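Order as written gives the chain letters A, B and C; numbering starts at 1 within each chain.
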Amino acid sequence: MSLVADTSVPASPSTWAGQLAESLRGVFLHRRWITFLVIGVVWQVTAMIANIGLFPTPATVIAVSWQYVITGLFFSELGISMIRIILGFSAALLLGTIVGILMGSWRFWDEFFQDFVILGLSMPALIYALLCVMVFGLGLTAPVMAIILGAYPFVAVNIREGVKSIDKELLDMSHVYAVDRWRLVRQLILPSLLPFILAAIRVGFTVAWKISVLTEVFGGDSGIGYQIRVDFASFKMRGVLAWGILFGMVMLTIEYGLLLPAERHFARWRAKVKEVI
Amino acid sequence: MEGTAISIRNLVKSYGDPGRELLVLDRISFDVAISSLVTIVGPSGSGKSTLLNVLAGLEAFKSGSVEIYSNNSSSKLGYVFQSPRLLPWLNIEDNLMFVRPEHVDKALHKERTQRYLKMVGLKNVGHKYPHQLSGGMQQRVGIARGLCVEPTVLLMDEPFSHLDEITAEQMRAELLRIWQETKRTIIFITHDMQEAVQLGDRLIMLDYHGHIFEDIKIDLPRPRDFTERAFVDFYADVVRRFHQMQARRTEEIGESEIGVTN
Amino acid sequence: MEAMIATPMSTPLGWSSRLGQFLKRFIFSPRWLAILVALVIWQLYADYRDTRLIPAPSRVFTELYGIVASGLFFTELAASMYRIVVGFGVALLVGLLVGILMGSRDSWNDYLKDLVTFGLAMPGLIYALVAVLFFGLSLWAPVTAILATSYPFVAVNIREGVKAISKELLDMGRVYQVKRSKVVLQIILPSLLPFVLAGFRLGFAIAWKVSTLVEVFGAVNGIGWQIRGSFDEFSVHGMLAWALLFGLVMLFIEYGLLLPIERYFGRWRPKVKQVM
């Protein structure tokens, strides 16, 4: 009978570069490669044995992905999709921040927007995508509107939390010392809000690209989503998987290589930043 | 052995890999007589909590032996922790029922539960939940829990250290009363010298090496308070010995890094 | 949505009476105002623009009423629910298993971490499409899609729950030699419960969404299929009607099922301010 020793967690690095280095170090963790290997082997073997013909082997998917990359198709489509995502996401960020600030600062606005935000959070991205495609047709408006509708609640909720968490005691203290407005915003409010803004950006981005892809699937003539639909319509599963994995990897890199380390870096003094929405 | 509740022989406990071991308990040996109240003091890091954990079976030890004689008791051990450690989702009565020893009949244990809750002054809180009670009351529930299993030995690990001084004083008086009423064997760990001298009829002092530095019988009548000359003198003597021990330690390390304990 | 925050009502019109409080909270609250404003804007916009594209609220509600009254809503709901319950049931089991493994040992955490992250990050779309391509119209399509997308949410929460089990309480149980079954039933399970509920909530919400996607691409009944139908017919009022119904069902599940369950199992908790 022995007492389980407390494994003390090493302090996480505080610089963004340090965070990135730690992520890279984590990449070489041996256990995760064992998992990859196992998955890869199982996939390959089942696909070959089952011989259903329809389900591609990892080799096939890799080959197709390589095709898309080499021909440059992936990059051109990625670029188109990214423009939509960035535009929509920026707009959603703006709207969400305004709503979030309102909700966090005044009880009235909190209750006013409450239902919209909750509804917005729970509606599937599908609905926004379909509606906007129907109403706005092809072109830039559909994805942008869909992203705004679907992503702003996530931004708003995070900003709201941030506003509510601004330390009242510090505000009072600043009032006593008659600290001028501009300095107050710059040195108290913005730093307090920063981790929440970063969280809002990360979550908003996650939702934005998922919605964008959906709009492209249903009403696009270009972009990653469009390509996915083309392959789906031709029953080309390897293509669907290839696009999914390629695009997913890019998005994951942005989220885990850029947004999450940035968030952790600026939120050092907070408790652990959860990776889930 | 007649009249012995618990017998410890050459207990050795260490941490770490072989070759780089930290010796926490170094051949500790002592017997505790039935119905005695033994207080164990020592500076932080002297291994007193570890000793208790070993006795409780929470930690393994390297060599030596620990024997708990069963006498007429229902179970071997009761343990009162520093924090109450009550299950927050059960009410007080269910919390006490939770530790019912397997061989004890439910009805009998329930009756004991009520008896001991009454003894600690908490007759009517059975249906309440822990968060509804104050810290002191929760700690008293912990004591009732330790008692209601009618153990051979009741282990107490600095049970009053998290309470404010006024409550702690009340609890000490309560503990003495309960001890005299139940005649339980109690091993009480504390870092507070005053508390140790006030409560125990035997005081064991551990040093920085995990040795027993002093083993003193305290014959003074109770209640012991600082208006009585005999007690003050005795206490002063104990403190003096404690400082001796610290001084020796300072020599060994070659610098004074020891914080004031009392 | 109850605001359990207690604030003194000190308004100029003397609303401090109970009736006043009731009125203020339920009738004149900003929430109704918001809904009113939304409806007005909607109506105006519909009148101003091409009504074919933006239907008037009245049209949508008529459609909604029709769907419910004719019973269509319930048959489609049943079809969808069947898929979700089966799919999420499996996801729950897998998630529990993975979460418990990941929470108990660091080694398992390392092995399984990526599978979970991958599942969290991949859009449901891909799983839905692949599942439909592979399984066609059968039940396997939504079940595998739901399994793949939902289990990570359950797993992550369970993992946190396992890590959060109080060692102090377990030690206490050990000292008093409480038998194993009692420890599991009275320490471990109650500790895990809030995490199970959180995982359930998140996972179930995702399950809904993915299942609907699967129905959009490959089904002959269900709410998703109806939504697809509205899209193909270019019926905005139809889609909005189904979307609202969808939202209503989710609200019902949250407030009629999950919240009461949470409250029942949380009776022992000290009452804390409810936020959102």
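The definition used in the following text is that a residue touches a chain if its C-beta (ideal position, glycine included) is under 8 Å from a C-beta of that chain, and two chains touch if they have at least 3 such contacts.
Everything numeric here is computed off the predicted structure, so don't read it as measured data.
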item: Chain whose averaged C-alpha position falls nearest the assembly-wide average; value: C
item: Busiest interface, counted in C-beta pairs; value: A-C
item: Distance between chain centroids, defined by C-alpha means - chain B, chain C (Å); value: 50
item: Chain centre separation (chain A, chain B; CA means) in Å; value: 54
item: Chain A and chain C: spacing of chain centres that average the CA atoms, whole Å; value: 19
item: Junction residues of chain A, two or more chains touched; value: 1, 3
item: Multi-chain contact sites of chain B, meaning residues that touch two or more partners; value: 57-58
item: For chain C, residues that touch 2 or more chains besides their own; value: 171, 174
item: Chain C to chain A touching residues, read off their complex; value: 1, 3, 29-31, 33-35, 38, 53-54, 106-107, 110-115, 117, 120-126, 129-130, 133-134, 153, 156, 167, 171, 174, 202, 205, 208-209, 212-213, 216-217, 224, 227, 230-231, 234, 236, 239-240, 243, 246-247, 250-251, 276
item: Chain C contact footprint on chain A (complex, rising order); value: 1, 3-4, 7, 29, 31-32, 34-36, 39, 52, 54-55, 108-109, 111-116, 118-119, 122-127, 130-131, 133-135, 157, 206, 209-210, 213-214, 217-218, 228, 232, 235, 237, 240-241, 244, 248, 251-252, 255, 275-276
item: In the complex, chain B residues that touch chain C; value: 56-58, 75, 77-79, 81, 83, 85, 87-91, 98-99, 101-102, 129, 131-132, 145, 149
item: In the complex with chain B, residue positions of chain C that touch it; value: 168-169, 171-179, 182, 186-187, 190, 268-270
